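Think of it as A, B, C and D in the order they're written, each chain with its own count starting at 1.
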């Protein structure tokens, strides 16, 4: 392309704008240079590593102490000061030039590596200096938990959040984690955290907890070596004969204990992410598959690995779609669309007079919801739990009425629960089909239901 | 600046070149697209995470197995295939545009974060997938050890090496490491590694090793939680009365054992980096200071923390400088410059007839070497060991004749050994003075010697 | 002494009777030979170690299984069968002869050793064979717990109980035990046992338990290496400023947490033996002194080690002694002896109208009770808790009104609690004085009270 | 029986003598009362538990310190002082009377229990007080090791030794012990002890040791929880294809490593008791069987469990029996009986000219030695190693020429080694037959050899 052609193509103007912007950037950067005093001043000293890196880490400890002692506003200010340690614009510009000026692909590869380094904001180094705190990892995880809501409204904080997420993704890569079994011999301080973090089916008492750790149960969690007392995620499993259909039956403290040696199914009935500060860093998929492998090795008689899962979005979807989902006969039998809508809106639908007629329709609707309903992305299941398991390669196996009759279970899913089946032989193919074309795996029975 | 002014400034041409290069880059990238078969094909599948991330990690394991089984050439080929997974040039270009097009600093911050991500080559993701191997961390560290010499000659491998170093720097940040004491109750498999990694003063026998772990000795190492049997660096310490002057005395297996409760000095007589694959990732400074803290807490009677260190570059420097370092009287007393040079070149200088006259001159010359001699960088001590300790904030405390009369000690340092003193009260100031103006801390006695 | 003299002395007759009895013994032994079938038959096979000692232990495991599966009557039968394996009377007789026939002291020493062995009933060997069970130690401890009440009424079971106690005393010698700190990081299964075994001040909830393991508390227990999940005894300690006077204040979950670094007193407020089957094997004394040593080493600021203890026998003693303990004026002020007796017999004496007048008299009466009251043995304090601490070398330090206002505290001790002081400098002398002449150590204040 | 009859039966005289002896005993006891000063005085104070049992244990620690610091004579004196704390003769006599006076079997049972206690010498209590020393168990085990040779010549020390053995037998009952695998990851301090304790096939270097802990080897030991760093006994096992025939082949450091997954035999080639002070307390039988169970569980492909054992008494027996063992033809072929005797007496018989003719005869003679030769007890195999394995239920499986060509192997066993087979299905029957009638189990091949 000739110079003239280039000009015509508009690339010329763009290049001009670009260069100009780089100049502005430099100017602004100078203006934004953090003052030598106050919080940012202290941070600057940490970064300068005055007195050596060891001293810098000691100073970082003092900074962390200030953060811990601060109130919400003080913490936000701290985070903003931290975020202000952006990459040096002049350095970035120069590094970009070098990429452009590279004589060949090899030179360009090196220049790009240097550019990447030039783009690394100094605040990343500061964040890294916090790792040497006694509870450094937990400090950083909790910092991100507090940062996340603030980041939504402040682009500087959003950039800081992105940086921190990148660091944590490296440090919490699944290769760094340890799978540990949790049982009644685990530390009380750890079990207390299960109580605190269990969000799917609340643990009400220590007796309830003990029941979930009985000989016919298993609980596993991922842990980081620098946060040994903190589960990152944990899963509760029941060893049963046949696929469990009801959470209340599983959690019944008076139910007899199953002999694990004769169980043929392992039912994952609760998976909980524990650290808000690790949002977006995925472990669940790995956890389920590691636990399947462990249980298979321990119990040769297990043939079925499945979940017993809620449908948190089912009722909302039903309310949205309304009676349109019903056949004319069904609608009529229920006393009309308005009656159905009223039933759906009732506080206690399962105790409502219409329940006897309406409830039997739910499994079919649920099957359609799981197998066909989508949100904005047509390739993605509308239900978040369904999406998680389908993306992991599981299939929708069975839909259970009155599977969770707790207040929450009825409020969100009208009491229905789903079994997702993890069949090691199908996991890869299922995953591919879903990840590619959004094809959802389901058992023949569920497919029939969805069509019926 | 006007368009004309811009053109005159040459920035215009540069912008043109830059844009052109970006275009070329894109074209080359397409041409370089890895084929779907062979090693690169398998790597591409890992990266695509076909069948899900869990399956991808399983495939990465198979890849690692191929690497392990390969010979030198096969491994180089493997590394080149890995290196070829560079960042998508079109993606980089687009991200650069967005930085240039950003409307304000906040937008620009976000755009830069995106650019950084666009610059991350896919090979980094592949490297990360190796962490889940049973010995994943060690695999990656050893991979880098093999990569380092190859990287010197191949820019693509150099870029891969830079990426790997970045990952390892994050994973082996000192905040991830564990300080562990090593003693005679440690695993034999670990102690065997000390024998293998000790490079300063070779461990000859298990008896020699046991002597170094006796009650008046301490040995500490840094360990990574995912490489628990592998020391990253370790230091050997002797608890002594007064500053130790001779390595041979310290290593004498027949010497009586010092009561540690009455020792007043802790002498660091050997520090060894163990993992070639972690070159350039610094732990030594942290290790020394953590050990000083630990020993202070354990033995309240310790008042002196110092090293007993070699001067590996002393003799070479002397040979370079030659008799010019001597006064006329000294040169004459030795029988002239040539005689001095001959003595320096002798295979057994300490057993040479001139030794009686020449050796007493050495401490003064050594003091000058440590305090004044520089290499290319005038602010940096020429001796690498001196540079390490001065940069850590230590000072040159004392020079010892016949401090190491082993073959190596004489060959490199004419038998002289140095004590570097770590005085907690001075470390920061010493570090700053050296890091800033290159000022080297030394005891009054050594300063006098250097001048004398 | 001549034969005649001997005859006159009655020793002759006694010797005759003795020999006759030995004969009878032999005859009865033969008659009592356990049958080769049934439970005793199986036990006999274990003892015979048919197929070797390893097989015998396997058979002992089967026997233990039968015991575990049996009901109360089956267990009693099992124990009686076990008890029937008495020492061989003929062997005993022969061994006694050899003692009598020994030519000199040295021969006699050997003969006595052999006699001791002859007296060892085979059932001891059987009991020992149970140690190789997976939970062998706990099995034997629980066996004794079940044996103890039965032994009171059956001399054969009493003999078995004595044998078992001897074995356990050896195995649970304090030198075999491990002192372990128990805190909120301990296994939930262990903490659950504290809840179960705490008998002095009931643990009501896990929150109550957690409060007792807070940073200003300590809990220690003795454990046996073959019963690692079972505390043998444990003590709860509060670190306080000044000597604690009220259990309710100590157990108040809302009370602020004391900084342990500024505490000057360690208050032992609950000591519990956990294993009924180890009754009569004493650990409490060792536990208190080991804990005092540990706490002294951890907190240099602690100057006072004392208990906050109940007086379980106080009210019963008061009721026995009645108004005779009061001066005429006191009795009159209370409305006469009968009024005092009525008050003592009231269900809620502290809420009774007379409380305002009667309660202030209690400390003096309690002082007298502790310092002077005895049971059958005039050298022994009547109160069992007082006896335990005085025998350990502690002294009665202070008497606290309303120290335990729980239902039990009022029922047994009218709400009074005692501090016993463990002053390392006085422990030996106090112990000696009490063990010898029954002299009870008390503070000057308590002595004055007792006299007043 | 009438008085007269009794007199005639001689029992009368015996009773008289007995009573007289008791009197003498009392008198002597008084005379022997340990003085209140010196070593025995200190021991008496420990026993009196002046200042309480806790103080007594502290005093016992001081006593142990004196023992440790003493020379051989001082230690012997210490032991004699300890031995002098014999049971109180008057107490014993009274307890015997009570046995004789017992009205019925039940009373007698109680009286016998009391007699047993009266016979317990106070020195046992003192020995028990040493358990609370930091290394109390090891102290007592070593004390017995030093006591054993002295006990042979001094009846008082013999009695002390018997007492100590009884205590140790209780404390080291196999139910108290822990089976631990020892490998190259074990503490160097522990592995050093293997080197020290291995007496069957000396470990020459750490390389030799490492070879014995390689992936195709196993090593297991029994440990006591209060002597965690000290093996009590350990066994070295090789996993092989086919039964190993030569120790030198097993210990060849250059031999290729066997894949344990394809091995079909586990060969126990060295068993070592480590603690002289536990002589007579048997673990070997338990160890072998526990290891067989562990290996069976780990490797399902193992079908053969056998030893490769020396015949330490073979050559001595041959020399005793001489040419009488040979047939006339054999003797003649060797050049006559004298030639055979000379060959047997040669320093290097396997290198002797007669070896070619004599060595082939050895397996037959060895078979006869193992299957038929006895010492004083005709039911017991003459070879001590054979006796150990036969008593454990093993059978003589195979005799190997040149199985151990070390100097010791040739000196004691002319190079022959034996495989003893542990067939779980036969162990009990073999044991019974040997323990009962002294019947020795052997393979058909060995039986044929022995007859041939």
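Everything that follows uses one rule, which is that a residue touches a chain if its C-beta (ideal position, glycine included) is under 8 Å from a C-beta of that chain, and two chains touch if they have at least 3 such contacts.
For clarity, every value in this text was computed on a predicted model and none was experimentally measured.
Taking each chain's centre as the mean of its CA atoms, D is the chain most distant from chain A. Rounded to a whole number, the gap between the C-alpha centres of chain A and chain B is 38 angstrom.
Measuring from the averaged C-alpha position of chain B to that of chain D gives a distance of 55 Å.
Interface note: chains touch in the pairs A-B, A-C, B-D, C-D.
Interface residues of chain A, counted against chain C in their complex, comprise 184-192, 206, 210, 229. Only residues 1, 3, 6, 11-12, 14-22, 25, 28, 32, 50-55, 57, 86-87, 92, 96-97, 99-102, 105-110, 112-113, 115-116, 119-120, 128, 130-133, 136-137, 155-156, 158-159, 162-163, 167, 170-171, 173-176, 225-226, 282, 285-286, 289, 391-393, 427-429, 431-432, 435 of chain A touch chain B when the two sit together in their complex.
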